[in-house]
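Note that chain A is present in both complexes that follow, paired respectively with chain B and with chain C.
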Partner chain A sequence: MAREFKVGDTFRHVRECDKYRPLYYAGASGDFNPIHIDKEVGMMAGLGGNILQGLCTMAWAVEAAVNFVGDPGRITRAKVRFSKPVMVDDTITYEGRVASTEGGKLVMEISAKNQKGEEVLKNAVVEARVG
Partner chain B sequence: MLDKNAIGRSSPPTLNEVEKGSIRRFAEAIGDYNPIYYDEEYARASGFPTIVAPPTFPASFHSAADLRELLGVGIKSLLHAEQAFDYERPIFAGDRIMVSTKVADILEKPGPAGKMDVAVIEDEGRDEEGNLVFRARRTLVVRTSKELT
Partner chain C sequence: MPIDQRHIGKKYGPTRYEVGLEKMREFAYAVGGGVPTSSFGASAPSGLNPLLFDEQVAKDSPYGKPIAFPTFPVTFAMAPFGQAVTDPELGINLLMLVHGEQEFELFDAIHPGDVMTTTGTVTQIYEKAGKDFVVVVTESRNQKGKLVVRGTWTAVIRQG
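On to the complex of A and B.
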């Protein structure tokens, strides 16, 4: 039986950026920009250390939506703005909400905040086909 | 200031072969252990022809584009500000996807320390029949030399 999604439905997902996460992501994505894998380069850039690839922060937001929808094949669109770098040891909490279900399209708005409550993503939206 | 003449510059399509091992490594790298990315039988039982790639997997694709060449600035001076993916269909193990990159736009935007140069880069992935599979748009902000020193 098809699952019903309603406006206002919510979901939550928590991810920690462990020390090696930027390295794993560099290996899998090919993004070896030193700012992600070399603490000293991050310090020199005034960031206080190496920062996680924004696309990994985004991948977790999409993962949150996939877990909610239950099927990665339904995702039709994902977009985010990177508002603050994610640092090693940060814990990111994703909170999603169904904003619309019109026309067989599920629109999910997702907030992503670090342990200090600062938004690391803005205007994060994932859309999925439903029905 | 970025050269507005760069708008429309593009790279020739480059073949990306989607391998099961690459999908597994990508899913592991983001810590996502959904069996649909690892287990062929599970993926088939879920209605797919084979293993599916996580939606942001195109982040691992390569194209012939050299951003330094396309934009005329160093890679290190670019900050990733926005990202969007649009999918025509899921990406599967065994897909052969041609990826091309173009400079979609160059603009000036107000920033915290005056005007910022912004470049919008669009990647497009097509299957071997030429059907669109995905589009990815990156918005990159050019950091000034002051911030780099």
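On to the complex of A and C.
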């Protein structure tokens, strides 16, 4: 896979948090915190309903990078700040940009916004080994 | 009430976890927009990288075996973080807790059959803008003793 990555290259990824996604992600990941799978508990916690696991929002940012790079085994680092909860029926758009390609390391900065344009992640960075 | 900083340095674990192909597959399906099961006719969601679940494709790749999705380590590396935030000595109200930040550093691929041992340490406790922050750093090693994943987990607790 002799592919060239250049600073400024961009990629885009869209995921919807369907009604059952927090349950599916709970089953797959083991994160059954009631605020993620029980609407009433989410309301009680002042969150306006159950919220998607932040780690799933993060996984989608990583997925955006995996799809761009083409090989999940090349991902070496991922870091995010969770700035706003993702609710059921939210659609999250990820837009990535290659910030650096130095030293065989691809640094991708990724923004993640809901359908209202609000950032659900801040300072999201995914790094991959290239070459 | 602020969380007592004397808990900085407290350790949790080790916890042991054996990585299985079906669990890896379920995780990849759930992230990829599918249903995390092999039952009821469920199949891989479209566009999912086959290295994550297809043994034959993986066999013909440089990896030889399926590889776990990069954030699959949440299935085993979260344990010490979970123990810390539910530790009665720290006294965190779980209803007020949200996940603030997360980082994973990945040093090697994870394959079915790997046995991961994870330990965690509370590295920071601080208060900022009326919220409490607790940071736990986890390290997960495989059966060969190699450090495979370092996770940095930041919990934010809204003060009631």
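Please note the rule applied: the second predicted complex is superposed on the first by the 130 of 131 C-alpha atoms of A that agree within 3 Å, B and C clash if a C-alpha of one lies under 4 Å from a C-alpha of the other, contacts with A are read in each partner's own complex, and residues count from 1 in each chain.
Going forward, a contact is a pair of C-beta atoms (placed from the backbone, for glycine too) under 8 Å apart; a residue touches a chain by one contact, two chains touch by 3 or more.
Because the structure is a prediction, the values reported are computed rather than measured.
If you put the two complexes together on chain A, you find that chain B and chain C bump into each other.
Of the two partner chains, both chain B and chain C are touched by A:80. Of the two partner chains placed by the overlay, neither chain B nor chain C lies in contact with A:94. In the superposed model, A:63 lies in contact with both chain B and chain C.
Once the two complexes are laid over each other on the shared chain, residue contacts for A:54 go to chain B and to chain C alike.
Judged by the document's definition of touching, chain A residues 15, 21, 24-25, 27-31, 33, 35, 45, 54-56, 58-60, 62-63, 66-67, 71-73, 75-82 lie at the interface with chain B and also at the interface with chain C.
Across the complex, chain C is touched by residues 15-16, 21, 24-25, 27-31, 33, 35, 41, 44-45, 53-56, 58-60, 62-63, 66-67, 70-73, 75-82, 85 of chain A.
Residues of chain B that touch chain A in their complex: 22, 25-26, 28-32, 34, 36-37, 46-48, 52, 54-56, 59-60, 62, 75-76, 80-87, 89-90, 147-148. Looking at the complex, you find that chain C touches chain A at residues 23, 26-27, 29-36, 47, 49, 51-52, 63, 67, 69-71, 74-75, 78, 94-96, 98-107, 109, 152. Listing the residues of chain A that touch chain B in their complex gives 15, 21, 24-25, 27-31, 33-35, 45-46, 54-56, 58-60, 62-63, 66-67, 71-73, 75-82.
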